[in-house]
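Supplied in structure tokens, the structure appears directly below.
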Amino acid sequence: MNTHGTVREWGDNHKFRKGKSALVSALCVLAGILVVTPLALVFIYLVIQGAESVNGNFFTQLPKPSGELGGGMANAIVGTFTLLGIASLIGVPIGVLGAVYLAEYGGPKLNWWIRFSSDILNGVPSIIWGIVIYGLMVVPMKGYSALAGGVALGCLMIPIILRTTEEVLLLVPQGYREAALALGIARWKVILQIVIKTASKGIITALLLAFARVAGETAPLLFTALGNNFWNRNLLQPISALPLQIYSFATSAFDDYHRQAWAGALVLVTLVFVLNISVRFLTRDKA
Amino acid sequence: MTIAVESAPASASKTVGQRLPAPSRAGDVFSERFTMVMAVSIFALIGLILYELLVGAWPTIKTFGFSFLTTSSWNPVTEKFGALPFIYGTLLSSLIALLIAVPLSIATAIYLTELAPLWLRQPLTSLIEMLAAIPSVILGLWGIFVMIPFLSKFVYPGLQSALGWTPFFSGPIFGIGMLSGGIILSIMVIPIITSVSREILSSVPNLQREAAYALGATKWEVTRVAVLSYAKRGLFGAIILGLGRAIGETMAVTMVIGNSSRISASLFAPGNTMASVLANQFAEASDDAFLSALFAVGLVLFLVTVIVNLFAQLLLVAAGGNKHGKLA
Amino acid sequence: MSSPSTTAEQLAFDAKDVCVWYGEKQVLFNINLGVRPKSITAIIGPSGCGKSTFLRCLNRMHELVPSARLEGHITLFGDDLYAPTVDPAFVRRRVGMVFQKSNPFPTMSIQDNVVAGLRLNGIRDKAFLNEQMEKSLRLAALWDEVKDDLHKPGVSLSGGQQQRLCIARAVAMQPEVLLMDEPCSALDPMATQKIEELMQEIKRNFTIVIVTHNMQQAARCSEQTAFLFMGKLIEMDSTEKIFGNPSQQQTEDYITGRFG
């Protein structure tokens, strides 16, 4: 075989290979466009369909009985925040304090198991939490309730908060812990006054992310909070939430309900994205 | 402890040491124990789920045993329950979702890490993460009122006239159905697979790419030989993670799949997944046998997702280990 | 070394047969070392020789590594630091420490940084805190530079100032000894000189033990020098002796730059 020949062959082949490379690149670009398209479409429809129905009534009125025009989702908006409040009472302390254990105290073996289990728990479908809390709270307490819905969301939050908060705590340089311990300060005070304070912005970020994750959850509320069309100030009674209201209106047969479902969706997406975007601001500031 | 006072430097009359309260271990012991209880409660939560599901499903397990998984009649009136239609529905819709999502996601991840101009990478990544943040119920709403009318007007008739001779694309087109469920699922798992794949691909050391470029390889050859083969295991983990998400995804599927407890060959026919049957029928399950059967479906769903996620985690852990261990 | 009789002048630190393991690996071998009060003792040696580990044994900071284990005895003015009833936090109140990298607490102002140890250890007396704050900043030669900016965050200072802030934070606790772990290795020569002058000032009231990889620094500042090599104390003597006429070949090889 002579060298001259192979180089020329290689040269000819190169054109084909370059063409192939360009083709694959084009396909990748196409895939990217296809992936982003649904997002764009969802947004366009949300804004078009939702904007015309989001008005003062939407935020101040209760849903009207089926068939009647007008009304709003005021109770569902308040309900969503109520449920998030109850959820954070469970999710935040367990998640944050558990993360403190992982980052500050735990040995490598136990930590590995806790992290692994919480990743597994994170992958459990949210509807499973719905039926577990149904069995655990709704049946014994003989009724659907805001409390049960909040607990279901809280359980969902725990693994999310645990993992993200741990990462944030581990970002605190070891030097601060050492400096504080070298002053003879008790470990728990070092954690509380130095580590958590230093990481506070990151911890808030982690919490906001968890809120954004569960604020749009419907499945765990279906058999716990149930939803209703009234004002409810009793946490032992059913309560509505934006996702629940959107679901029940979207699957109903009335056009005016559909219209309001779009409005609810726009408000819910705005809520979720405001949470997400404030996270981005917080993290950018830090870097 | 009196040592401090005895040995304090002679200079000070009112030293810091005399003012400090004695250190106490109690706070440290308490805080370690307390946070440990919180961390370990993760195990308790998993145990709690398993316990509740087992208790709820027990009558069904006792009555039907293993045949619950293999029979396909689901009749609350005669109280005969077999979960096969839902297992079938879950598998089929997830399969459709992965068939669509995997090539698109991995191609997008390649674009994001290898091809896209640098200024575009971060915005595009954020955009895809935003797609992941859209609540399921909103995608379902969009599915009902936008996607399904579009598909049943422009796509499904074409599919039927081309492939109608196979059982998969025969029969009446309802709009809602297995195929619509699979498509909406694909939209939901694309962000997951894409962002995990992107992380995997960008963790491939540049040394790999440079070595391939140095041999005169084209961009695609570099990607295929140096990047993809290196990241194989991690990408597989990303896909399995997407599968886990698809299996457990509830609301969007529930809203477009049609709530039918029958197995039919046609992808246009309505069906149910394990998750959607829970969402559709749990609230109306009035008698104990029906409720228990639904708990049993939940138990199966839980076990399947745990196994799938376990597998995905192990793959990703192994791939993460590669990052540090195996350098060319 | 010509130490006076122990009863007349009690040693600040007295380490006897100190051995330390990290897991299975032994990093310190039978260290016997005495530190005289109100003087500066330098510990030198190549990196990885165990000098930092030994320093951390003096305030029990090595216990932050979960696998660390120590045998032997260390006393501080006669008190056993490792007696079973002694809380490490108690040891650390008596033994201050300054680290290689300056680490003022990022969430605190300059004045809060100085009194962080006092306040977090439970002292509430405002007047006393202020008095200690000014005293410590003066001692650290920082008062004139920051007295108008006491509310600014500690991390807004320059590198050298941050390190002096850390010294002020440590001396505010009125420790009996100040440990310094390569305190100048991240600083420029000007800032280093300032800290070295400061050490001469501080040693009137405190005992100082400094770990340094900079032999000129050890020769300039210290009265006594210990040379550690591969976890063993090779030689300890007056600084003049170590740098002028060491009795061990290894010491001479090291200080003349033949290895390390």
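Order of writing sets the labels: A, B and C. Residues in every chain begin at 1.
Heads up, the rule we're going with is that a residue touches a chain if its C-beta (ideal position, glycine included) is under 8 Å from a C-beta of that chain, and two chains touch if they have at least 3 such contacts.
Computed from a predicted structure; not experimentally measured.
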Legend entry - Chain pair showing more contacts of the two, B-C and A-C: A-C
Legend entry - Chain whose Cα mean lies nearest the overall Cα mean: A
Legend entry - Between subunit A and subunit B, centroid-to-centroid distance (C-alpha), Å: 13
Legend entry - Geometric centre distance via CA averages, subunit C-subunit B, whole Å: 53
Inset, instruction - Could you put a whole-Å number on the gap between the CA centroids of subunit A and subunit C? - result: 48
Inset, instruction - Could you tell me which residues belong to subunit A and also touch two or more other chains? - result: 184, 186-187, 189
Inset, instruction - Send over the residues of subunit C in touch with two or more other chains. - result: 89-90, 93-94, 121, 173
Inset, instruction - Check each residue of subunit B and list the ones that touch at least two other chains. - result: 23
Legend entry - Residue ranges of subunit C in contact with subunit A within the complex: 59, 61, 64, 66, 89-94, 96-97, 99, 101, 103, 105-107, 116-117, 120-121, 166, 169-170, 173
Inset, instruction - Name, in rising order, each residue of subunit B that touches subunit A in their complex. - result: 23-24, 27-28, 30-32, 34-36, 38-43, 45-46, 48-49, 52-53, 55-56, 103-105, 107-108, 110-112, 115-116, 124, 126-128, 130-131, 133-142, 144-146, 187, 190, 194, 216, 218-221, 223, 241, 244-245, 247-251, 255, 275, 278-279, 282-283, 294-295, 298, 301-302, 305-306, 308-310, 312-313
Inset, instruction - Using the touch rule from the top, collect the residues of subunit C that touch subunit B in their complex. - result: 76-79, 85-87, 89-90, 93-94, 118, 121-123, 125, 128, 132, 172-174, 176, 205
Inset, instruction - Using the touch rule from the top, collect the residues of subunit B that touch subunit C in their complex. - result: 1, 3-4, 7-9, 11-12, 15-17, 19-23, 25
Legend entry - Sites on subunit A touched by subunit B in the complex: 14, 17-18, 20-21, 24-25, 27-32, 34-36, 38-39, 41-42, 45-46, 49, 93-94, 97-102, 104-106, 110, 113-114, 116-121, 123-132, 134-136, 155, 158-159, 162, 184, 186-189, 191, 212, 215-219, 222-223, 226, 243, 246-247, 250-251, 258, 261-262, 265, 268-269, 272-273, 276, 280
